[in-house]
Amino acid sequence: MLEKLKQQVYEANMQLTELGLVNFTWGNVSGIDRQEKLFVIKPSGVAYKDLCPDDLVVVDLKGNIVEGKLRPSSDTPTHIVLYNHFPEIKGIAHTHSPWAVSFAAAGKSIPELNTTHADTFNGDIPITRELVKQEIQSNYEENTGKVIVETLKQRKLLSLEMKGILVNRHGPFTWGIDAKEAVYNAKVLEIVAEMDYHTMTLSPNIRILDQDIQNKHYLRKHGENAYYGQVH
Amino acid sequence: MLEKLKQQVYEANMQLTELGLVNFTWGNVSGIDRQEKLFVIKPSGVAYKDLCPDDLVVVDLKGNIVEGKLRPSSDTPTHIVLYNHFPEIKGIAHTHSPWAVSFAAAGKSIPELNTTHADTFNGDIPITRELVKQEIQSNYEENTGKVIVETLKQRKLLSLEMKGILVNRHGPFTWGIDAKEAVYNAKVLEIVAEMDYHTMTLSPNIRILDQDIQNKHYLRKHGENAYYGQVH
Amino acid sequence: MLEKLKQQVYEANMQLTELGLVNFTWGNVSGIDRQEKLFVIKPSGVAYKDLCPDDLVVVDLKGNIVEGKLRPSSDTPTHIVLYNHFPEIKGIAHTHSPWAVSFAAAGKSIPELNTTHADTFNGDIPITRELVKQEIQSNYEENTGKVIVETLKQRKLLSLEMKGILVNRHGPFTWGIDAKEAVYNAKVLEIVAEMDYHTMTLSPNIRILDQDIQNKHYLRKHGENAYYGQVH
Amino acid sequence: MLEKLKQQVYEANMQLTELGLVNFTWGNVSGIDRQEKLFVIKPSGVAYKDLCPDDLVVVDLKGNIVEGKLRPSSDTPTHIVLYNHFPEIKGIAHTHSPWAVSFAAAGKSIPELNTTHADTFNGDIPITRELVKQEIQSNYEENTGKVIVETLKQRKLLSLEMKGILVNRHGPFTWGIDAKEAVYNAKVLEIVAEMDYHTMTLSPNIRILDQDIQNKHYLRKHGENAYYGQVH
């Protein structure tokens, strides 16, 4: 069932470790088949070195396990909320990568300070508010998804223009048109967090990148007049 | 004698190097057989690449060497104090991992600032007071164990809820239900120390994680209603 | 066509990844044949692990593609400006290495604070001004080259004495007598940026290296009385 | 000639790269045969991957090349001064390791803030004064050795108790009873510089380690009552 998608999601999960984004079992990637309305996600608490494609769990958009012998990631309800609210995304990644968590724990968004950031993220990478007591005690993972949706909505951000966010005190969620792109965005987010930390120390009052250069770099890689890379 | 335990403790010692927690011979792991009242520990000053399971030393809880051709770790008396005062722990690790030592040398505990911390440690990771002259000059390693016990006691911390500590000016000791978990906790402690350093620089006045989110993350991985990972 | 040069430029591109200077497809190296007035450059957006010498694109100094099935790097117009204005250089490298980008995003040059810097770069590594709206919107990559030329000229720097620069908000360009040396200089620039960050934090008011020691280190490796290395 | 020593010095040089202490050709290690009054040193500017034991150069204590087809390290006169003034040392290492250079460029010694430091270095690791114009322009490398000797003398430090130093604005020299120990000390110096940087940021006014704990750690590894490691 969904063998090709399972293979893709498996490879995307394994890439989390190759890119140095996870320790132990921390982190998970999923990918969705929009026609079947089913997504494939890493099982909870399984070490990456022991993971194989058949361990992945197939889940529907109400959270029912459709196939799989293992429990899905404990963050599965967060993925469901994101897939339901953003029909254009097809892959989601979550990590505890250290620079991203450092910003999340500090309650700070990742400001757009350089062109590496602009090449991938169209604006500052936002941070959610902290969840309140009631949101934590019941349906915590679902509420994590809801606060991500709320944050993008409040800031008028489209899910395909801002493909990542920091959950306050927790860490990053990223997404994209497939599981692979979600992992790519998780790595870029980590890289720009590291760069920003050092830039902010060197120049504490540095202002955000001007809109012209933001657009130039974002649009030369994205959108209809993009000219970076090869024509496919 | 205790061949299975020796193999486990050997593997846990080797994992210290695989996880990037030690340089040269710095660091040691032990594991105990509570029925036999004997523990197995790394020999002193032996390079990890030269270590084999038979090199491990078997010691009783009074410090007598029961088996082994090599001297046990110079930190053996610290392990003995911890095993004697905390009958529920079965493995101990000690490293000089750099972020942990940086906090220890600064005289600072590792504050609970993010959910990665809360997933493993139930509260701030404490730091002991500095030892006084007399405690240093006689039975230094034993007194290191005693000041760890004193610190947990004063802060009303249970050894299975706070599985690590910083010894002031020195470095981390961690423990758990076996040698493997002690090493796992040594790595998590190092990771959260690194994250905290950067968070504290970004937001010098950041407050500790709220109690609700502390509990949520700690209890979804620990305790009777834990739902992270697989049912075994 | 230009098979030997292609092989050299290919190896220099691959060295970018071996030296830890690039993530994904970010970065490019070129090398020129001054007699043929043709240069060889990495194709745009191709992953390094998939790159082979035949993928490289041959371009003339007006920007015409002379050979190659793939599009050249989107930064090709920057390379053209530099090759046209500095006839003495024969290789150019561009990366998004993190320490260099951190300085570039902070709007800061890399000051000459230690002898490691002086061994390779004769003075502070300069930073360009930011481009203005019009320079960004039309011929952005060409204008990036022009602002590099403008900066060297204003500071009276010779291209073979200052073989690197930071483009404001963007990142480093380095060059040299061939593609290999350009990559070498990209690595040294990254190393000294990292060192300087920590030095500037330790001693915020540290002054630039005295001229005597600047000259000593630069000239013992460069110039007619150089005595570092072997006689060839 | 001196084949055994050559092999040892070769291995010590190669260990510089394995321990992550050098980039490119930066750094050199030597070892001396005190009976023959000859030492063996890395040739200048040779890449470590191309180095073989026969490339090492045999030099006498006046600087004459006794055997070898290649030029010795440009830092050879520094090694000669140290061997002549400290007859008890038998190995010397020099690197441009980044944390050590960061302190050297900041004009700061490496303070003794933790027990990892105390295990190897008996006190703060000192930094020399900067050389003056005349010392730079003539016999620079010899004067680098002289300012090291001057600094140890002024601070009343014995070469076998303080086995390393920072040359101001330049970087570390370390030594020991053989080439291998010199490299070991180069690594420890780098590790404690990194730890100290972070400790000094966390606690800017942290005081030096108390004398009692300094002595305890230094003497449990060194001196006649040492009890760390195995009896040989």
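Going by the order they are written in, the chains are A, B, C and D; count residues from 1 in each one.
Going forward, a contact is a pair of C-beta atoms (placed from the backbone, for glycine too) under 8 Å apart; a residue touches a chain by one contact, two chains touch by 3 or more.
Composition by chain, UniProt nomenclature: A, B, C, D = L-ribulose-5-phosphate 4-epimerase.
Keep in mind that what you see is a predicted model, and the values were worked out from it rather than measured.
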Both subunit A and subunit B are touched by which chains?
none
Hey, what angle do you get rotating subunit A onto subunit D on C-alpha, to the nearest 5 degrees?
180
Remotest chain, subunit A as reference, centres from CA atoms
D
How many Å are there between the centre of subunit B and the centre of subunit C, using C-alpha atoms for each centre?
47
Chain centre separation (subunit A, subunit C; CA means) in Å
33
Each of the following residues of subunit C touches two or more other chains, namely 201
One finds touching chains in the pairs A-B, A-C, B-D, C-D
Subunit D residues within the subunit C interface of the complex
23-26, 43-46, 70-71, 74, 96, 98-99, 101-108, 130-131, 133, 136-137, 140, 169-171, 197, 200-201
Over in the complex, which subunit C residues touch subunit D? Could you list them?
113-116, 119, 184, 187-188, 191, 194-196, 198-199, 201-203, 206, 209-210, 212-213, 216, 220, 227-231
